[in-house]
Each structure stands twice: as structure tokens, then as C-alpha cells.
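To keep things simple, chains are lettered A, B and C as they appear, and every chain counts its residues starting from 1.
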Amino acid sequence: MTQQRRPLLPQAHSNVQRRDFLKVMGAGGIALSAGGLGFASRLSAQDAATVAFWATATLDIGEKWPEFAKQSGVTPEFTDNGNDLGPVIARLAAGNANDLFDIGGFQGGAEKELARQGVIIPWDTAKIPNYESLWQWAKDIPYLKHEGKQYGIPAVVNADSIIYRPDKLGKIDSYGAIFDPKLKGRVAMEDAWINSAIFTAMYLKESENQPIADPGNLSESELGLVMEFLIKHKSDGQFRTFWNGWEQGVQLVADQEVDAMTGWEPIVYEGRKRGLQVEYAAPVEGYEGWGNNMVLLKGAGDRGVADTAHKFVDGLLGGFYGCELGQARGYLVPSDNNVVYAKAHPDEYKPEEVEKLAEHVKAKFGGKIYWQNARPDNFQLYEEWWQKLRNA
Amino acid sequence: MTAPRLPISSALMTPPLMAILALGLAPLTIVVVWSFWSWDPSTYWIKPDLSLAGYAGILEAGRWTVIVSTLVKAFATALLCLLIAYPTAYAVHFLAGRRLSIILLALITIPFFTSYLIRSFSWRLVLGRTGVLNTWLQDLGMINAPLDWLLFSNFAVIVGLIASYLPFATFPLLLSMRRVDPTFLAAAQDLGAGFWKSLTSILLPLTMSGIFAGFLFVFVMVVGSSTEVQMLGGAGASIVSVMINDVMRVANYPLAFAISTIVLIVIFGLVLIGNRMFGLSSLFEDQSP
Amino acid sequence: MAISIQVDHVSREYGPVKALDDVTLDIKAGEFFTLLGSSGCGKSSLLKLIGGFDTQTSGRVCFDGKDVSGLAANKRPVNTVFQSLALFPHMSVAQNVGYGLRLRGLSGSSLDSRINDALDLVELSGFGPRNVNILSGGQRQRVALARALVMEPGILLLDEPLTGLDERLRQQMRDEFGRLHKRTGATFILVTHNQDEALSLSDRMAVMHKGRIEQVDAPARFFDAPANAFVARFIGIDTLLRPEKIDTANGQAEATIAGQTLPVRADGFLDPAASVVAIRPDRLFLAPQGAPSSLLLTVVGTTFRGLHRDLKLAFSDGQTLVIAIEADADIGQLTVGQKVPVGLKPDAAVLVSSAGMPQAG
């Protein structure tokens, strides 16, 4: 659940509620939907100007899609994918997702596995003119290419670190604060290995010189090292709690339950809005970069809508989508087209704000970055260790 | 309860029976069967190779302790809910006048119109470091520093669970008390029983089906809950639903189904035992002559 | 063991409603006393106060002269047979009967023998292990009686216990009450709306109306001397005639109705405006023509009543009375409008207060 960037807007609840509904139905219900019944159905037949977009709920711009369609010439039918990559991959590999959807918008990391399974096909960047407008570091996100082919197009990026109270802790520039015994019971991490394992690995690699090659893709022994470290601190009562979702994150900071926690930058803004002195750290160990990448589903190729899909993704990078997502959620499409669009439409989007967001995120990616990995090689071991951590 | 066995009635019974089978039994059967299959890395799904890997997985990483602690939480919550709900139902049914009992019932029911996400969340504002309770206790001079254990603790989880599921205990109890003729209590008193004696020898035995139904409802709800633990529990606090979610996220379906199967067996066992001992079904029967 | 009861200026008010209105009543120890009245008259309210299930708003309830107003039901030497019987459905017959004794600390063989004695008393020997829920109505009634009587109460309250039984069983249980009253010697208080029950069982009875007691007397006295028009009607004396005047000659009162005079028994009611003449239908007879002290009345109609016939006759002012005549009495052909002489046996007519007389009467 925490893998997903919960938007600032309340409509994002629908996603949570749907997931809760599934929980009520029980594992059997989830299994059925994953196994092939499926709850998403195409509303209209395939036509040249329509694509089925199966993505994280936070990529949905809702009532702005008609404007998007006008500009790009492609109308997407948006379906929330629930954001848990395990069931998503299962529906692609064993279920009917490829019959239903053309384009996936998934958190980075699973592209390699999806390509290996043959459920996604490569993009032809030549058919995406706006691809060239992407910033170089975004093109270099490690998960986009597999065996030399382009399987992912980055559409949304940002980088996370620590939210903290400078009035209580002074300036913080290391994840060490999260594990500092002086802050026992006053810190929190996210309730998901996908974030908390990588933060810990980054700290151990950079500040304690532990032998960790890639914090985003830990080997069995590296994982053991990282998780034993977390388990030790958890058992010592270091963490007030592990948090889930936007509201809980904000509440922890706003009601002074914690003085420092790993999390999303918008929480800083929300804390300040409530009159608190809150800062976002620029840790020496670097940021955790994350991205939502577009993948082309094999079904789109089979149905001959690959060209439309390319046109759709080109539209995402065209500027309007970036401005809208930036304004609504503070998310960034890593392209200069946003600023260009805002300057051309100053009555809709404030160019200086769009530029400020772009520069701010760019600055984060100017330093050290470790990419969040939704599907590390040892992903089932991650879960096992996470259970050990929970039960420690 | 014995309907005349006419062809027309059995024809009428067919659709609901089919619905019950399709909606209830079929998914459960699938869960149980699939729990013995194997995960297939090539499809990310399962294949019909018989395997006990799912069940073996329960014994790893302390997963079984989550099942045990979930059952303990469910048991404790159900018991505490009964302790609170019984006097409440008693007051509503035997003590309050018509108008007051309607007001009391409304007070019990109204919280149910808000989402349980919001209800759980609001406990953070009550039990937190700067929450209502800690502020009061400090204002009253009873404590000097906020009590940290009020929130993000098993205490907070139990409070949240009770608040969420209390009505599931109250209503079956009310239902069962409605079936008790108040004259029974007068008769017990007439024969020399004081309040406690008439409670234990008359009212409790006659409301046993309601007590068990309330217990079972709360128990099952807690076993299926996750929000309260995620919102109010300490670091990494878990419960069966949270664990199943974790496992589903890494596509380990046989393990998820094995956990579900174990939980299902426990709940079915409980229902069977309860029906044997307390006559759960009598709650829904016509009153004896 | 029997206990006397003194009800002393007792009122029970529910907001503006007076269920009992300044009731004073003495019930003697060992008496079979009946509270008779229609529903809502206050008889059950009074029973609840005696049983201790309710508290009066004012006044006192005393047992053998001692105020028991502060004594809870479970402390009173009173046991009750409830209208609904209230047999505990989760207990066997023996457990029901032994419930109160177990609370008193009895157990083992002494408990068992007391239970068996009680079951013997109500002629349910051997029924102990049975399920109370599948007994017949009469058997359930006996269990309820045994459960109360086994406590050897000084006072036994019977709250409409025969309601819901068929006529044959009612008769049977009625005899049973009488027998048990004699056997136990306790003070029995029966609440009923059924006059037959009250008349056949009671040593004395009280007729209640609107929270008040209209008359307390031995059953026969209600017919000889009903306290007022309400009581007269309630016990079935339907003929209540308004006199024009009342004279007294030679110590014998005479009332004049529509110009005809008839002897009446008067216990001080001599004001014709506040009195009515109650006439017992069983003390009228069709007289031979010209017989003395007879009335000449016009036939209005007859009604077949099974063992007798009701002959309705009218005075010239339109007031009517009814004579019960044997079904096979040889009275010749009576036609409507025909005038017939009616004779009165001694004490056929009683002058009573018109209190409770319907205005249209």
C-alpha cells in the first residue's frame, strides 16, 4: 500500500476502499480476479484513438483526460491497477490483463521480469518525439532497458528522504538520525520493505561502509545484514511506528508523534501549512529515487494499437499532463515541456511554479540517487525478512 | 422451521441455495484447494502440483505467531466487547423507557455511519502524544509527560478494535434479550433471587445464543481486520490480514491461501462448537410456546 | 404460617394516571381473597405492590401489621403464580420447582424430597425430569403452582392464572386451587376478571374499578346487597330501574316506577334521585292474573338462553326488565305487546346507590 504515492486529494480514497473491499472478500476474491475473471472491462471497442491505461491510481487526472485527448488525439480509459506488483504481474502472466489493457504505468523495477515473461514489448522511441525532451538522468533510470531494448518510458519521478523537525533536532543530513538511539521512540519509517529496506541499505553502505553493492537490489546476505540491523533497532524500541498512507504520515508529523521519519516531501509542505517547522533533509547518503514508468503491453501489439499507445505516451510527455500532475500532486514529469506548456498557457498553470518544481526535483537528482526497486531479484526473501521484522 | 416439502418450495429454494454455494462455498473451496498448489515463477501464478510449501511457509519467519496473536486479539476484543455490550443491551432492553432506548440505540449505531478508516484514525488524535487523553491527564496533573504507550501499542489496537466492532456484540445481545420474557426475572426474584442470582441463573443462560453470536461476530470481524492494527499498532504491528497482504504483494499465493485456510478452519470450528454448546441457531427460531 | 395483609391508603400513580387511588383493604390471614375487575381496574397493580414488584406512590402495605414497603420481592414471604406462568424454559420441571429452595441453600435428598412432595401435591408425581416446554397447559399450570407452594409462602398470589386454559381445565384447576388452599392454609390472593372463578373460590372478594375498590364482601353479599349500580351490573344484575318516588310504610320501603309500586329492600337509600332499584332476574316470576303485589308489564320479546329463556318486559315509561323463565315452563303463547302480571319473591328488588349508573340507563 505504501508503494503507492497517495495524492493530496481526497479522491484517492477510492483506491484504498477498493482494496479494503478486496480484503473483505478475502484472498479467494483476490485470487479469482487475479486468476482471470477481472473487474476491469473495456467500456468501448478498440478504436484508433483509444487506449486502455492500467496504472497506479495517482496517475489518473480524471476530468482532465478529455483536454488531454484533445491535445494528444488519444483518449485513455483509465483503470487502477491496485499498485501491488505481485498481483499485477500475475494478471499479466497468467490472467487476462493483456486482453484488457494496452499500456501499464507501474512503479519501476519490474520491467525486466515482465520483458522476460514476454508480457510487455519494447517501445520504439522514434515514434515518441517527446522522448528526446526527457532529461538525461531520467533516460538513464536503470530499469528502463532490457537486453538493449527500451521497455520503459519514465513518466513521473521524484526522490525521497527524511522529514524532520529542525527546531528539535537541528540540521539533519544523514539517515543515521533515524537509527540514533538518542531519538528512540521519536522516529518512524514506512510500513513497506520497498522503501524502508533501501533507506537502511543506503545508510549502511554510505555511512557505515558495509559491503552492499546495490541498495535497491540486495543479495541474500546483504538483505540479511540490512534486516538484522532494522530488527535490532525495532526491538530496541527505536521506532514509534511504521506508517501507511498520506494521512497517517501527515498526522505523525503534525501531531508531533515523531521528530524525524523517512517519507514523502509533500508531508513537509503539509506540516508547514499547519504552522510547524519542518524540513526535508538532503542526506549525504543520497535520495531514494522513484519513478512510474510506462510499459507497452503485448496485447496492444497483438491488437494493432501499438502506434496509438506510442502517441498516448508521447502525449504524457507533451507538457499538459506534467503541468496538471504537478499542480494536483506535486509530481514531476521529467521533461522541459512542462515549463514550455505553462509559459504558453499562463492563465492555466503558473510557469514560475512549474519551473520551481522542476528545478527542485532536478537538484535532488543532481546528487547521489538510489532507485527504488519494486521487484528486486530476491523479492520473496524481502517479504520473509519483513515478516521477521514485524514479529521481532 | 420445517417447511412443507412441496415441489414448488424446493423450486423456490433453488436460486438462493445456488447463490449461497456460488458466493460462499465456492471461493472457500478454491482457497483451500489452491493452498495445496505450487507457485509457478514462469507465470507468477500457481500450478496444480501438490505441495505443502504454503503450510511450511506458515512455520517460517514467525508467521504462525501472527496467526496466534490475531486469535488472541480477536478473543480478547470479543470478550471485552461482551463485557461492555451486555450491560448496555440490558440497560436498553430492561431499564430504559421507549424513548431513551431509541436514543441509546442511535448512539450505538451512529458511529457506524462514518468510515472505519476515519474512526480508527480519530483514535490517533485521542490517544497520541498531543492527543486529548494525554492533554487531559497532564492538565489534571496526573502525569508529567505524555504516556507513549497509549498509542502505537496493543492497547491502542484493542481500543480501536472494540470501538469498531462493539455494535456487532450489542445487537445480537439485544436480539436475544428481546426473547426473554421479563416475567422470568420477576419470577426468579419472587422465588428469592437477588439481582446477580437472577442474572446468572436466568438471564445469562437464556441469552447464551446472543452472547455466542456477539462473540463470534466480533471475533470474525477482528480476524478480518487490518485498519486498526495499521493505524494504531506499533512499528510493524501485524495481524492476519496485514500478513496476507504482505504475502500477496510478492505473489506467494499458496502461502496466502494456506494462511486463509488455517483461519477458516479455526472460525468454522468455533461456529460448530458454538452451535453445539449454545444453540446459535435458536437465536433465529421462533420462541418456544 | 398464613399472613394477613393491610393495605393502607395506597395510591400508585404513573404520571397523571392513577392506577390505584387511595385503596384501603384488610385481608385476613388464611383467607382466599379475590381481586375482581375488568382490565385496567388496578387489580394487577395492587398485586404487584403486595408481591413487591412495584412501589406505591403513597400509603403503606403491611404484612401482619408490619410495613413491608421497603422490602424487595425476593425478601417477602410471598410467592406468585404469574399469568404467563414464567416457567424457566432452560430448566426441567424439578429444577423449576427446586429453584427457590436451592437459593435457600437446600440440596441433595432434602431438596429432592421437598420437590417430590410439591409435585405430589399438584398431582405431577414423577414429572421431575421432564422438559417444561413440552408439557400441556394444565401440567404447566401445576408446575407453576408447585414452584410457588414448595416455598411454603405465607401469601400466595395468583395473577389471572387460568387465562388461556380451556373451560374444562379451568374447572379442574379451580377445584385444585380450592383444595390447595385448604391443604396449605396460606393466604391466597387471586386476581381475575372472571366472576365464576371469584365466586366459587373466594372467602371474600373485592370488586375494583378505575383504581378504587367498589365493594369488599363475601360473594353472596354482592347479590343480596350490591354496593352500587356499578357493582350490580358488574356481577350481572342488569335490571336497574329509576324510581319516581320512594315511600316507607310499616318499615317496608316501596318504590314507584311508572306508576306501579313494588316493595324494595332499602339500606338507607331513600333519595330517588340518587338511587336505583336493582332487580334480580331469578327472583321474578310470571304471576297468575290478579295476584297481589304484582306488576303489570308489556312483553317486548324473548331470547332463548339454553337452560332458560329471557323474557323482556317494559314499564309504561319505557324502562325494561328481564325475567329468567325455565325453558320448558308452560307460560302459554306470549305475543309482543301483550300485558303480563309479574310477581316478586322476597328481596327481589334492592334499592342501591346509582353511583356507576350509565347516564343513558
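We take it that a contact is a pair of C-beta atoms (placed from the backbone, for glycine too) under 8 Å apart; a residue touches a chain by one contact, two chains touch by 3 or more.
What you see is a predicted model; the values in this text were computed from it and never measured.
A centroid comparison over C-alpha atoms places C as the chain most distant from subunit A. Across the structure, the highest number of inter-chain C-beta contacts is found for A-B. Chain centres defined as mean CA positions place B nearest to the mean of all protein CA atoms. Subunit A and subunit B have Cα centroids separated by 35 Å.
We define each chain's centre as the mean of its Cα atoms; on that basis subunit A and subunit C are separated by 88 Å.
Computed from the mean C-alpha positions, the centre of subunit B lies at a distance of 56 Å from the centre of subunit C. Multi-chain contact residues of subunit B (touching two or more other chains) are absent. Interface residues of subunit A, counted against subunit B in their complex, comprise 1, 13, 16, 20, 23-32, 34-35, 84-87, 89-90, 92-95, 117, 185, 188-189, 191, 234, 238-242, 244, 247-248, 251, 255-257, 379-380, 382-392. Touching subunit C in their complex are the following residues of subunit B: 181, 183-184, 186-194, 197, 201-202, 205-206, 288-289. The part of subunit B that touches subunit A in the complex is made up of residues 27-28, 30-31, 34, 40, 42-45, 60-63, 65-66, 117, 121, 124-125, 128-131, 148, 151-152, 224, 226-227, 230-231, 233-238, 241-253, 256-257, 259-260. Of all residues in subunit C, those touching subunit B in their complex are 51, 53, 72-75, 78-80, 82-84, 86, 88-90, 99-100, 103-104, 133, 147-148, 151.
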